[in-house]
Each structure stands twice: as C-alpha cells, then as structure tokens.
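Below, subunit A partners subunit B and then partners subunit C, in two separate complexes.
For the complex of A and B:
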C-alpha cells in the first residue's frame, strides 16, 4: 500500500508531467487561445478605437439576422434528417443478420471520408439540374424542362443528410453494441411489447450516443460551406455571408459574423459537453466488435432486407460512380448530353505524367501525414494530462482542445494567418504565412480534436488498476506507458489518427486561403480544374484522392489487426 | 507480441515524421535556381501555356503561379503585406489594381512600351498598366434563343419573357459582374446623383434571375446546358468556352447602347522577393508577340496600340460602341452598392 501512495504523489510532481503541462499549455495558448482572441478583439475594433459598433450594425442588418436564423434552422433540420436516416440504418445493420450485411454496413459510413469538395462536384454532375439523373428522368418522361433544380432547402438538406448521417449511423451502431442485451430480455420476459422495450429500455441507453451524434452533426452543418455555396440558391447562411463580405473586402463585417457563428457553435458544444458521450465517437467508429445479431429467418424478409441494403448502397455509391464516369470523359464531350459521349484515359495520363500534377498529391499526403502524426503525439500528451483526476482545469483543457473543431475551416485559417503573418513580439515574431508549414499547422489544429477524443475515450475505458499493478511491480513511468497504457489505447488512437489524416487529405476551405506553390494540395488542383471547366481532369483528381483514402484505410486496418495478434 | 508490434509501429511513425519534416525542408526552397511567383486569375490553360513559352526562352527560371480570383489576390496581398510572397500580379480589373495601388501594395514599374497605350489604361504613377480589354456582353444559348430574339440592349434583359431564364455569376468575387452592376447604377446615378434608380434596375433583374452561379465556369456550363437562356458576362470567356471547351451553342451580342469595357492589368508586387524576374516576365507577357498570341489563342483584345491589327482575329477589328462609365465613383461607392444589393436585393424579388 505504501509504495502505491508514494508513487501517485511522485506522479504529480514528476518533471515529466511538468513538461507535459508545458507542451499542452504552449500549443493551446499559441494555437487556440491567441488566434481566437485576436479575432474577437478585431471584431471589437473600428478605426483604431474599441467599439461595439460592428455588432450593432450586424444586429441591425436584416440579411444577417436571417442568415443567423437560417444557419441554425438548417442545422436543426439536418440533425433531424440525419437521425431519421442514420438511426434506423444502425438498427438494421446492428440487430439483424442477412446476406451481404457486412459489406453494406461498411459502405454506410462511406460519406464520412468523402471530401466535401469532391462530394459537391459529384453531386452537381449527378443530381444537378442538368446532371445525369435529371437528364435521364427528363428523357424518360419526355419532359420539356428539367424535372427539378438542385437549389435551395431541398438540395441543401439532401446533401447535408448524405454527408452527415454517418455520425448518427456510426455512433448509434457503437451505442447498440454496448447496450446490455439482458435488460431488453428482462423487460420482454416481464411482458413488455417490442415498442415499449424500444422506448423505455433501448433508447434511454442510447441517449449519450444520440446526443453526441446530434452535436457533431449540428457543428458540421453550421460550418458547412461548399453545400450552401453550390446548392444554396437564395438561402442565406452565415458561412456564405462571411465569404461574400470577405470578397467585398468588408473585413469588419466578416469578422463580426465569424464571431457570431463561432459563439453559436461553441454554445452548442458547451451545452452538449455535459453529456460526455461525444468522446466515444471515434473509438467506437472504427472498432466494430459485433455482438449477437438476430438472423432474419423468413426467406422473403431476407430478400427484402438484402434488397434494401443493396439499393441503399447503390444510392450511396452513385456520386462516386458518377465521378468515375466523368473522370473518363473526353474533354468537351459532356455538355448537353445525359452521359458523356466519348471516353478516354487522357485525364489520368495527363495527371500521372505532368510533374506538377503528381506533386499536388504528394503534397497532400505529406502535409496530412505530418498533421496526423503530430496530432497523435499531441493527443497522447493531452490525454495523459487530462486523465489525471486531481488536475485542476481539466474541463477547460478539454474544451479548448475542441474549439478549432467548432470553428469553420475558413475561420481557423484566417485567425492563424492574422496571428502569424507579421513580426509580433507576442508570438516571438514567428511567421507562418507564405511558408510550407502553414497548412500542416492548420490541418493539425483543425483535426487534432478528433484524435484527442479518440485517445481520451480509450483511456477512459482502460482499467486504471492495470497501471497500478504495473507500478506496484516496479515499472517506471516510461515503461508503464510503453508496455501497459499504449498497447491498450492503440486501436482507438490509430482510428482517430487515420480519420484526421483522411479528412486532412481532402481539406479545401482553409487551404484555399493560405496555400503557397510549395504546398499546393490536391483539393486546390481540383478546384482549379473545375474553374477552367476541365471536368474530366477534376474528376480524375477526385478519384485518385478517393483511391488514396481507401488505400490508407486498408493499410490502417492491417496495422490494427497486426497489433492485435 | 502485442506491445512489441506497437512499439515498432510507433518507431516507424516517429522516424517517418522525422524523414517527412526533412523532406519538406528539401522541397521547400533553398535551391539555387531563380524563382518567380505569380498571382493570377487567368486560369490554368493560359498560364501553363505562357509559362512553358517563357521557360523555353528562360529555362533557368522556376516560374510558379497561384491561380485564384482577382479579389482573392487582393486579399492575399493584404495578408502578406509584411512578408510579400508574390512577385507579379497578372490579371484583374484596373479598379482592383487601383485599390491595391492606393493601399500601397504595388511597386512602380515603367515598362518599355509605356507610351504605347492610352493614358487612361495605366496608372499615372506606373504602379499598374493595362494589358487586355475585356468587353462585357449579353450571352445567350442559341438552342433556346434565336439570334433575332436575343436581347439587344441592357434594358431588354428586364423583359418579362426572360423571367426565370437569366443566369448571373455571383458578383461579390467577380470584377466583371461588379463592373456591370456598377455601370447599371451609374446610368441612373449620373442624372439623379443617387443609386436608387440603379437599385431598381437590379431589382427588376433579380426578378428574372434563375440562379446566381458560384463562378464563371459553372455559369457557362449551366447556360450551355440550358438551365438558363441568357446571361451577362465577358466576351473572351464566351469565346474560350465556345471554341475550346465544346460549348458551341453559346453566342453573344454587344449591347446596342454601348458595351462596358474593363481594362485588365498587370503589376509588380511591392516588396517582391524576385523583382528582377517579375519585370522580365512582365515584359515578356506584354510584348507584341505575346499579346498577339494571347489574342489569337485566348481571345484577349490587346490594349497596346502598336500591334499589327492584321495579325488579330477579324472580329477583333470590328468596331463596337463603348459605354461611358465613372470608374472613380464605382471604386469609391462600389463596395456599399454591392453590400446593399447582397443584403436587400438578391433573391428578394421571387414571387
């Protein structure tokens, strides 16, 4: 007993924890607190004087009030629709066994890793007013004009639901796996009907997962930019108003709107953080330990379930298939036809032979890998620090870590560029603007919350007595970390790192503001080809990006399996 | 063993991180070759072509370009004011250049051909010079609109028969659209000294607009695919899409009361890290040969007056009527006009 208590005291005063606290403090101070404060202060300034005038003006402008209202409303509706799709799907795949269930269940989380820009482009090709689907329906029904237009609320909700329902699907699935099956059985044996069991036993246990999914969906939707830009029609949302104000060089307005958006997102975050379930997201997302599933016995029901799965999977895959198709379309062969009329390998050969073109893929890989690796190391620091129950301010650290995730990508990029664009004694005149490193740093800041959450979740599930046992057997700090802690949190940490890596690969909204020739990422190349109407080349880049993502997920799955043997 | 493989993996990751950061240093710079960085909205096709042509004369120069909208160029130069990254800014309307010049973002350079262009097409203090003329025209889809039915003048697009048939590019990031909107406001402003009449015109336009598109490429694509029948856009782009991108159904008409002509320019960035290289490329793309080539291949109307007009495509020599415009007023008031349009006019005329 004596040795253990001595150990735990030593743990707190140990120089390694001091270093840990220093690292976490410095990164948070310079990466999160300082840039955010600068942004806030800039919104309170006009003509060199402190004033609330910007806010007064913003609150007087009806367009901005509308944008704020519609942003929130759109996000609430998105949460609802995503829940309606994701939750039943999770029940179907988690509770029942039918042919090809495994493939369908993997496919269902596909949109999670589809880069927003690529997804948007594919959606335009597929369901746009003059896209493949619209043209096909028009020909089929012999209509005079396009059967629909991909604009406004319908289009926004469709795209948001497509890209964000996996939050609900993945988290509900993970929640269902954790539920104690015995409780349901007990309720049933006491005579409860299935509906009653669902509402009184299953759903209450799922609540943390559902709330976590709702939060992620809400924040992602608030920060959504590509979708309102391309499909918004006349709908005003905050991200778009910020973009337009920036384009008009109306910096004070853009800043003030940014702060309004950030406050709403952070408010939601603080509100939901009380339900700690959020953290389990990533770890649960990739673990996939199946429990007992009920096989569907009746032949007809099996066919129907499999058919539903198949139809759903095809719907999910359609945007990717469209992209594949367009990536083989000959330049200028797809103008008014429903489908491209001529096919070629030219788009790919052009990318693979041009020196420039390959370098963008390499750049993206390099920067995402850097960001992900540093995020992994950093999250180990944060998680170790925060897991110490005695530490004061753990909640604040946890919250600060999540701030970049709650901010739209544009905001993170602008605040970093503002803070590290000029010599300034406060930052040691450290300059990032115009260097290669600005993008890895921004990727790191934006996506490290995913890794931190994953590692934290794994640490929480870890039995602390294991480390105590190791300590009582005389294992020192480092040894304990390497031999006990790390192996246990490894799968979760790896999953989070992979997710951060994959999302960083396709990052666009922040990159476009600050990239330089030396770090031009693939998303910028896609946008540039789109701008020049080289649709085939843009699609080919998109496909290569998807292949890269698929490859890295396969490698990670191998790595995880290997570490379990 | 469990922990062994984890340790191997961790070692692998750490060493790859180390190697990566090393590789980035190597790729980032430090090479002895001469460098030039250009910010430009001219689009990849044209840029790659000109860079290749330039490199065939100066193979020792490593030319890099960042292609982005002209407003984005301006925003970047502002952000990089204390640590300029770009050497040359090639392409934007003279209004945007003048704004940048007033904010002290450009450096004066007097090209060898300075006296070969009209005084109005250059900055009095040599901070920017005009390169191309960009006429703004009425564009239509010939599959939906017969040439004789197409709008002939600006006011014709307000006609009720174009309701829900007009496509307009989002004017916030676009020099062309800002200028057109500004010109429409100026038509009323010059008599009434107020923007109200112009706002009214834009309201009536808004009532006919089917969609405000994100960028020029989508505008041309949607127009060609018949999502709308007519649009207002710049002439060189229409030619490019018609001749090189397969959208042969596009056609344009000069507004009969006069067309708006934007001066497209070029400038050396203040504090450019490679100012010498910037000037060399500046001279290269504004040489008579390059301007003639740009005219033939990219439909750019040269401003220089000492060009052999016989070398230019025939249509470039057909005269067109220019519209009068108070550019200074647009530069002063344009931001406020656009803000008002965005907040109070856009999308508010539906139903």
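For the complex of A and C:
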C-alpha cells in the first residue's frame, strides 16, 4: 500500500465507464438516433420547406391506405393462424409422450432457421402453380391447367403460418415447461375439471409467453417482404409499396411510407409491452416440479399421434426437400413434369467454380462475418455499461439498442440510405451509400440486438459475487474482465454472434434496397437467378445457405448447452 | 515525522474502525450511522435478522459498496474510497463464488496470480492454503466436482492464500447442512486463530455467532443495537430487540415500585399483579411507577411441585401448566400465573404434566431490566 489518495475505485466508480459510454453513445448516435430523426425530418420536408404535404398525399392515395390496411390485417390473421397451429402443437409435444416425439419436436422449429427468401423460393417450387404439388395433382386428375395458383391471401397466409408458427410453438413450449405441475394438481384436487384447469390455471400463466409470441409474429409479418414480392398477387403490403416507390425514385413517398411502417411496428411493440406491464404475472421461480409427460397408453392413439407427427414433419421438411431436389435439376429439365426429369451437380459446380458466383458467396460470408464480429465487440461494451447498476440512462440505452431490431428491415435500410446518401453533419463528405460498407453496417444494426441480448442474458446468469471475489483477491478491472467475465459469458456470447451471422447471411429485405451491384450478397443472386428462370442455381444457392446455417446453429446449440452446465 | 504520528495513531486506535457509516439505496436506509472497532486478531461478528444491514456493512468494509457518509479506517489509514482490489482483504462469500471455469488450484491461485508472484511461490502457497483446509490432492479437480463442504473449504483457502490483512465472511456456512456446519465452525475458528488473522463475520445465526466470535455487534434496521462478548450479550441484553433476537426470553411488563435497597428494586407485573424483587445492576435508574420491560431466560425459571407445601417466599408465584412440549434434551413448559404467561425450560421434566399446579420461582439475580 503506497498511497491511498490514488484510487482506482474498482466498484465505486470506474474510469473505463467513460470510454465504454463514448463507444456506445457514438454507435447509437450514428446508427439509431440520427437515422431515425433524419427519416422523420425528411418525411416532413418538401422542396426545402417544412410541410405535412407528404402525409396528406399518403392519406389521399388510396393504394397506400390499402397497403397499410393489408399489412396490419395480414399480420393479425398471421398471428391467429400461427397461434392455432403452434399452441396445440406445443401442448402435444410438451404434455404427451409417444414414439419419435423428440425428433418431431426438434423438426417443429425448423422453419425458424430458414431465411425468408429461401423459404419463399422453396414454397414456389413446392406449391406454386408450376410446382411439384400442383403438377402432380394436374397429372393425376388429367387437368388442362394447374389446379391452383400460389397467389394472394391464401398463399401469403399459408407461407406466413409455415414460417412463423414456431414463435408460438417454441415460446408456448418454454412457458409450459416453467409452469409448476403442482398448480394444476392443486386445481384438480379442488375439484376443477381439466378444461377449467386449462382455462383458469394454465392459460393465464401462459399469457406472457403467448403475448411475446404474438408480438414476434406480428412484427415479423409486418416486416415480411419476400413472400408478398413473389406471390402476394393483389395483396400489396407496405414493405412492397416502399420498395416500389424507391424503384420509381419517388423518395418523399418512400420515406413517408417508411415512417408509417415504423410507427405501426413500434406501436405494436409498445402496445404489447404495456399490456404485459398492466398484468401481474407471478414469476415461476418458486420451487416446483415441471409436469411429467403423459404417455399415450392406448395403442391406436399412439399410432395416430406418431402418424400425425410424421405427416406433420414431412410437411415441414417438404419445402427443404423440394429445394434439395431442384438444386440437382438440370437446367431446363423441369417444365411441365411433376418432378425434374434429369439430375446433375452442374448447379453446385457452377456456383463453386464460376468466379462471379463464387464471389457472391464470399461477399455474403465476409459482410455477415464483419457485421457479427463488430456486433460481438460492441455488445460486450453495451452489456458492460448497462450492467452497472448505478448508471443513469441505462434504460434508454437498452431501449435504443432494441430499436433497429423492432423496426422492419425495410425501415432500417431506408433510414440509413437517407441519412448517409449525401454529405451530412455526422460523416462530412463521406458517403456510405454505394460503398462496400453499407451492407455490413445495416447487417450490424439489424442483428446486433440479438448479440446484445445473448451477452446480457449470459451476464445475468453469472453470479455477481464472482467478480467481487476476483476484486477482493486483488484483480484489477482488465484482469477481472479477461479472467472471469469473458470466459464465463463466452459460450452464450458466441452463440448469439453465430445466430446474428447466419441471419445476416440470408438477409434480403434490406439488401435489396441498398446493395451495390459490384458487391452482391447471396440473397440478391438467388432473386436474380429466379428472375432468369435458373431455378436449379437459385435452389443450389438456397441449399448452400441452409447447410451453412445448419452448421452454425449446431455449433451455437453446443455452445449454449456448454454454457448452461 | 508524519510516519511517526501515523504509527502512534495506529497504536492508539483499533485495527479496523468504522466511523459513522451510513448507506441508503433509494429511499431505504440500509445502514444508519454505524460505528464499530475491531481489534487486531479479533474474531468479530455482525449478527442480525436478514435485511438488517449487516451484509451491506461488510460489503462497505470490502470496498464493494461505497458508504454515503462516514469513514473506514484500517490501521490508522482511511480506506473509505480505496478500491476493493487494492484493500488486500480476503472474502468468503455466501455462494462461495468459486470460478466455475477454473479448477481448485487455479481458484486458489487467482489472487496470487493477480499479485504476479513467481510460479514456484504460487505453487507453494496454494499447497499451503489447501493443506490448511485439508484439501491436498484436490488441485486438479473442477470446482463442480466438489461437495458443498469442500467448495466451502476452497473458498476459505482462496481467501487465506493472499495472506489477507482482514478476513471477511458473508454467511459462509448457511449453505451447509447442520452437522457439517457445526464441524466447519470449529475448524474455521481454529484456523483463523492459528493464523492470527483478524476476521469480520456476518451471520443471522445466533448460535453460530456465539460459537465463533470473540465479540459481536447485534444489528437491526441498519443500526447497531449492542456490542459485546457472546456471554455478555446473552446475559445482559440492554434492550428488548436484543433480548428477543438472542434466544428465547420471557418478557414481563412491570412497574417499578421502589428503590428500597441499593442492590435491588421492587416491581409489580402488569399481568397477574405479582411483586418481583430484581437485583439492580448498573444503569437501572428507572423512574418509579412507569411501565418497563423485565426479561428472564426460560432456563433460569425454577419450578416446584405444589405438593411440596413450601412456604411462599420472595419471587415465587403459583401457576398452572398449560402445555408441555418435549424437544429431546430439553422440555419447554408453558405456564399461566394468574394471567402472566411464562415459559420454562427443564432438563428433567418428570412429574410435570399439563394442567398441574406448580410453584414458579424467578431468581432476582436472573431478572434483567431492559431499556
């Protein structure tokens, strides 16, 4: 002990707080605050003067009002359908035991990892009017034309339900696992019939899970773009209108529509969170046992349950199987037949040998990796800053971090393009739009909330006395971070980073608005191949994405399990 | 010169001294104006119910929280604002806080590595610390492979390995089962005394504090109520909360009647209107005719079967047994003496049955007057 006047104040006040705050503040200012303000201001401006004219025009334009209505209505219906599929499924898999239950329950969350564009393409191959199913039915019944077309409300709802019901399935399942079985047993002992137990005991406790699922589904549906683009038909949703307005170079209209979309999305977020806040949910942290799965006893019922599970699993896997099949189809070999007539490795070899095609793959990997790595580094800063209990404004920081996640990809892309498409006060003469960096920046902004959440969750699981113990043993700030905090949050943080990486890999919604032709990501290439009817190549790209995603998710799941031990 | 003054100050002052420490969390006052002195080599306890501020006090000594006001002196130096990692105190946490990603050796070596000691020195001191808690041979084990008791020992070894100037304990035994807790308790005290360490020990368990500590401060609602040796606190609690917290007590509301003798006063109980003689100790100058609280431990109450036909003498009351409850070594007998409820603790309860009439004697020297 030399001097006591020089204090480093390990837990009392940390000087590194200032650096962290600076890093976090700058990113939030450039990535969230300025673009949001810029977007809002631009929508209020025309010809250099402040005006509400843009909004007046939007309100006058019937097509835009319709698009807004369609977007909301489609999302509400999507939530309903997803709940109808996801919730019963969760009950079946969580409450009953039957042959092959585990495999089915894993398969059920498969659509979650399918990039929306790849899912859309697979759907077209499977259910489209010239897809496998339609052709098969046509040949079977000897019809002159395809028995149906994959267009409009039906197609959109089918696709949305297929891709988004896992939100309900996964969250309801997790909710059911948390419910103390004793509560149901207590209700039964008090004379409540099973239906009463379900509605008065189980469902009220599931409300937080159901609300969270409804919110996720609603927001994802509001942001949905690929499906309306490819088979929306007459259902013209907001994301599509924004894309079209930008294609027409009608900037004021695009900006104003973007604000409308942003307001609806944030409104939904606030509405659901308020609703959740007004009701008191008892944390299920009490001691109690989760309910045991009930084996289905009767032989016939077991067969039926397993059969339903199998059919359901095949239905889930079919789009991916279709994609796999088409990815091996020889160019031009699939016209009026139900299945492609000739198979080849050509599609893959084309992608992996042609310089252009290969560079697309590398581009996506590079940009996603950059975004993910920066997201990880930045998340460590945010989490460290927000974990300081006494820090003022930590709620604001948490909120701002979530904003890009809550906003549809279209909104993020449009606001960044608007903010950094011309010289501006923050970057001076540097213009981001048109450079390589625009996509990594947008991927970073869109998916860093996932990493922040993962890091924060790992940090919350960590016993705070571990770092206090390290301090009491004489370890200074950096040593504590490197030797205690980092090793402990590493698995969770890495899992979150991998998740952000794979989602960025298949990103299409924002990419399509701002990509640079010299620097195309895989999703843009898939859309281009589809347009040129190179179905096999599009499918092969999709399969490569799926394989990369599957690999990363396996690693992430391993890491997550490791971090739980 | 200054060093000289410091040296003399250190001689005059106690080793660790808390001066008017206060801490609030929002509107809650966690610690209010706490002052205490711990001597070098002393095993000092902070005892109180949960939420009384004892852990917050300990954390302020550790440097994990900063007091809002007041100062903490160690060996005559102000350490109030010194960072936790510069204090050189060992701390044993309630959850043990063993690093799950490090094995036993690395856990114990953690503080030594932070001090940049040589590999040889680290190995030597880890081995020494582990042998003190009888865990030699466990170096390569993961901490999750250890039992609760063994984890506890690792936590202690880790804290003593850095040769701490002060050893802090935050309810370290509360996660152990009863038998193990008593065993560890004895070992812990022996270890601290053998190493001539100064320890500050937080607990809510009175028995534990009594067995371990040389002196104890009883805390409640953020304040220190009384400080003393275990025996002193038990036999002479100064106020009702201390009397209540430290074991069972019969609290008797009474009015002082006279100060007839120098060493005794007469009281009349509010319930039952019995007259009691109380041996008055220092500071018992209570005003006459004002209600106050008397206390007597259940084990100090004497019971006689009424059939003995003894002449009723001083401090003897007639009572009826309302319940007898057997608890192994002792038996608790609840009594009703004309409306005054009393509880007696007996080793040999033969012959006392519920409903029986008995004579109760409250020895004058065993009755305490509370503030």
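As a convention for this text, the second predicted complex is superposed on the first by the 452 of 565 C-alpha atoms of A that agree within 3 Å, B and C clash if a C-alpha of one lies under 4 Å from a C-alpha of the other, contacts with A are read in each partner's own complex, and residues count from 1 in each chain.
Keep in mind that, in the parts below, a contact is a pair of C-beta atoms (placed from the backbone, for glycine too) under 8 Å apart; a residue touches a chain by one contact, two chains touch by 3 or more.
Bear in mind that the values here come from a model prediction, so they are computed numbers and not experimental data.
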Pick one for A:468: touches subunit B only (first), subunit C only (second), both, or neither. second
So in the superposed three-chain picture, is A:61 touching just subunit B, just subunit C, both, or none of them (first/second/both/neither)? first
Between subunit B and subunit C, pick out the one touching the greater number of residues of subunit A. B
Subunit B versus subunit C as contact partner of A:487, first or second or both or neither: both
Touching A:479, do we find subunit B (first), subunit C (second), both, or neither? second
Residues on subunit A lying within both footprints (that of subunit B and that of subunit C): 483, 487, 565
Which of the residues in subunit C end up touching subunit A in this complex? 62-66, 77-79, 81-91, 93-95, 97-101, 110-111, 114-115, 144, 158-159, 162, 168
Seen from subunit A, its contact residues with subunit B in the complex are 61-64, 124, 129-130, 146, 149, 151, 229-230, 233-234, 236, 243-250, 253, 331-333, 335-336, 366, 369-370, 373-374, 376, 417-418, 421-423, 431, 433-437, 482-483, 486-487, 490, 512-513, 515-518, 520, 528-534, 559, 562-565
Per the contact definition, I'd like the list of subunit B residues that touch subunit A in the complex. 2-3, 5-7, 9-10, 13-14, 16-17, 20-21, 23-24, 27-29, 37, 43-45, 64-69, 71-72, 74-75, 79-83, 85, 99, 143, 170, 172-173, 211, 214-218, 220-222, 224-227, 241, 244-247, 249, 335, 338-339, 342-344, 346-347, 350
Can you check the complex and tell me which residues of subunit A touch subunit C? 1, 4, 7-12, 463, 465-466, 468-477, 479-480, 483-484, 487-488, 565
